[in-house]
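These notes open a run of structures that come right after.
What follows is chain A paired twice: with chain B in the first complex and chain C in the second.
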Partner chain A sequence: MRVHERSTHTEGGEVRRTLTKRPSFYHHLHPPRVPLREARFRYTFGLGGISLLMVLVLLLTGLLEMFYYVPSLEEANKSLHQITLLVPYGSVIRGLHYWAAQLLVVTSLLHLMRVAFTGGYKGGRRFNWLLGLSLMVMVLFFDFTGYALRWDEDIAWALKVGTNLLRTIPYAGEGLYALVVGGDEIGRPTVVRIFGWHVYGLVLVAAIFTGWHLFRVRRDGGISRADKKGPTISRNELVRREALAALMALIGLLLLTVFFPPSLAPPANFDGLPAEATAPWFFLWIQELLRLGPPLWMGVIIPLVLLVGLVLVPYALDRSAEGEGLWFNRPGRLAQIVVFLIVAIIVALTLVGVLR
Partner chain B sequence: MDELDQIQKARRTLLKLGLATAGLLLLNGLRRFLGYQEPRSRPVRAVLEKPESYAPDSIISVPEMGCWLVRDASGFYAISRVCPHLGCQVRMEGTTFTCPCHGSKFSMDGGVVNGPANQPLQQVQVGQSSDGRLVVDASVTVAAGTRLRL
Partner chain C sequence: MVRFGFAIALMANLVLAGCSLASEETPQAKATATSPYAAEMMAQGFVELVGDDLAAPPMPPEASQADLGAEVYWQICLACHGDWGQGLTDAWREEWDEDSNCWQSRCHAPNHPPQGFQLPKTVPAVLGPESLNRFDTATELQQNIFNTMPWWNPGSLSDEQSWRLSAYLMHVRGELGDQVTLDAGNGAVYRLHISNTPAPNPRPGIFLLALSLAVMALVLIRWRRIP
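Let's turn to the complex of A and B:
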């Protein structure tokens, strides 16, 4: 910390020299003291922090993969084989990227549920709830575009269905399809655009929203808490706990990478799609929905309705300010039930898809 | 207390050493990751016709080797078309090679006539295969004035 000399002139004409400490960037990341009760693992489970850690891993491993990945029809799959099989530690980088991405979906969802069940959306935190929801949606698009960039047999169906789903949207559908696919069918421009979205377009928006989301946590008064006056721990103690949690999470990531490396199938052939249609696991619920009725309703409108249900949590389902910081607080009962139902529907549909 | 301090100090030193070693190993891994280079697949050498097919005082372009095969009174040689100035491809104009980029000029045997280039055009290896055909290998440079005499 820099120490500065400051001169203050008093009324009596004296000059008083004092030394003041200017806080560094590190000191801005957390408040000097945080509530002890809410810093406990069993309050937040560190889910927001772990999600942020996953994002950092994704940024770093993604950057490294960009040294070798080629976004072209012929080279995409080939360059990934190169990364996985030839580049030293390439399989580790790719595995970390894959698992951080999958874990991010899980931790983001669990974080959403934790915030919902502890009333962390109440009062002034309503807007931050919306920011978080937006990030959740972005995570799903990140995972989908990243998955598609493999350009192998496994993604062919998912890409075809996903892009055709856009077409079902009235008025904007064809325009959106052209924006994503870059033509009237999947081809050379598609892989370039998906790469552009995954590596830049989505990153730009997500970076802004993530920064905003974290800023709002501080501005809204820090972690949501039940008792405004309780025992506290220091910033440094919090950072120690975060470092320990991060270390354990990274070890977990490495173990997953080593023992469950991501698969890579032969290059996609859109003229001869494979027999089995597969969706990525985080969209299995949409695939199950699509079996039940018209695509616009099942694939676009129903997911949007579920999203709107989540949006309404702090604006319509629970507008009270009481109960903040308490698991399953009474005032938020309706919101908790709705969130639980929405998650239960998605999980149930996913299970149906898995068991098929 | 003093003993405890010493143990703690030793422990901290060991941890710092361990962290430093891990950091160096990680950096080395990163260096290896970033340093991977694909093996290049370019044609190694060009097998041409038998020497009798080429008239005396003829110049034949060998584009896949980036050079010309020249037959003059003293024999065969191959001259590279890479300008030693900044790597542009020189063109043949009459009895000189000229570089379109900055105007360097070279004589038939590669020597500098004028221009920003201050080194001659390189000569590359001309040999003969077992059945007598000429073989040009652009990856091997030979001294100026080398000739394959027949």
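Let's turn to the complex of A and C:
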């Protein structure tokens, strides 16, 4: 820390000059004091911080993968094999990227639930709830495009079904399909389009939204709290706890990478698709929905309705300011039930898909 | 057809074995790298694939794909492609003694008997300079072997036998480590004409990194107990 002079006005109107320590950049990301109760692990479970850590891991490992990944029809899958088999520590970089992406879906969903159940969306934090939801949707798009970039036989069905869903949207469907696929059918431009979205388009939007989300947390007064005058801890202590959570998460990530490496499969062949359609696990719930009815309703409208249900949480389901920072607070009961039901539907359908 | 091909290969091997027994000088000459023949072959980039006695290659208890490929080569490819992978050269044909001219003896001429087959005048080398130049990847090599080999009975090799042969050839050519198992998934990755050095096992480094992180975490925990 650097020492600098600080001027304060006393009650008598005198100017008092004192020497204080200037926080570093990292310390400056946090407020000087943090409420003790809400800084406990059992309040936040470190989910927002771990999600951010996963994003940083994804950025770094994704950048390294880009040195070897070739986004072309012939080379995409081949380069993935080269990264895994020939590049020193390439399998680790790919494994970390894969597992960080999977964990990000879980941690960001749990973070969303924590915020919903502790009333963290109330009052001035409403808008940040929307930013968080947008990021959650982006995580799913990131995971889907990343999954497609493997360009192996496992992704063929998911990519075909996923892009065909766009076609079911009235009026805009064909245009959206052409925008994503780059033609009338999946082919040479598709892998370049998906790569473009994965590493440029989505990254640009997600970077802005992530920065905005973090800025709003600080701007809205730091972590949501029940007692504004309760005991606090210093930001040094908070940083220590964050570092500890990050270290534990990284160890877990490394062990997952070593013991459960992502699979490798032969290149995708869209002319000879397997009989059974398979979606990636984070979209299994949509796959199960698609079995129940027409694609437009099950694959587009119902997921959008669920999203709108989450959007309405701070704007229609719970507009009260009371209960902020309290687990399962009474004023937010309706919102909590709606969030629980939405998550329960998604998890139940996913489990059905896994067990099928 | 497979049996027929195998029978021919076996007969060819017996003939070769007979040739080598009949002529004591040539095997002796090839036995060491210092012999003029071996030295010349090695200088040209060939590798002795089969010993002087033309015996089956030794098979380790946990044979790799390349080890298994050596057996297929010995059974099926050796007669035409040579014990040094040199192809059907004059020197290699001399091993066949009185049948050294494959075409004159009618076994492999256009007017071959029913149990014979016609051989082209040139059987390419699988080792040495310029060899296998038209193939870029292991998959291309495997597909060619699978579809066109052996010459007398194309398509008789199984998919796995073709992969074993590809792994073996790339291994002896110094392009592939013997711990690599080729298949349809990774065959396009491994390229001929370059050394495909497999990535080292990352586990020791990762465990060390995880251990370092755990030590750092312990230091942080000890620094001040978390409420």
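Methods note: the second predicted complex is superposed on the first by the 331 of 356 C-alpha atoms of A that agree within 3 Å, B and C clash if a C-alpha of one lies under 4 Å from a C-alpha of the other, contacts with A are read in each partner's own complex, and residues count from 1 in each chain.
Here, a contact is a pair of C-beta atoms (placed from the backbone, for glycine too) under 8 Å apart; a residue touches a chain by one contact, two chains touch by 3 or more.
These numbers come from a predicted model, not from an experiment.
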- Item | Partner chain(s) touched by A:L264 [first = chain B, second = chain C, both, neither] | second
- So, does A:P88 touch the first partner chain B, the second partner chain C, both, or neither? both
- Message: Applying the document's definition of touch, where does A:R240 land relative to chain B and chain C: first, second, both, or neither?
- Response: second
- Query: Looking at the overlay, does A:L64 come into contact with chain B only (first), chain C only (second), both, or neither?
  - Reply: first
- Item | When both partners are placed on the shared chain, which of chain B and chain C touches more of chain A | C
- Message: Taking the superposition on A as described, I'd like to know which of chain B and chain C A:L36 touches: first, second, both or neither.
- Response: second
- Task: Could you say whether A:L202 touches chain B, chain C, both of them, or neither, answering first, second, both or neither?
- Result: neither
- Task: State whether A:L250 touches chain B only (first), chain C only (second), both chains, or neither.
- Result: second
- Note on the structure: Dual-contact residues of chain A, meaning touching chain B and chain C, are 82, 86-90
- Residues of chain C defined as touching chain A within the complex: 180, 184-186, 188-189, 196-200, 202-203, 205-207, 209-210, 213-214, 216-217, 220-221, 223-224, 226-227
- The residues of chain B that touch chain A in their complex are 29-30, 32-36, 38
- Message: Using the touch definition from the top, list the residues of chain A that touch chain B in their complex.
- Response: 64, 67-68, 82, 86-90, 93
- Item | Touching residues on chain A, where the partner in the complex is chain C | 36, 40-41, 77-78, 81-82, 84-92, 152, 237, 240-241, 243-244, 247-248, 250-251, 254-255, 257-258, 264-267
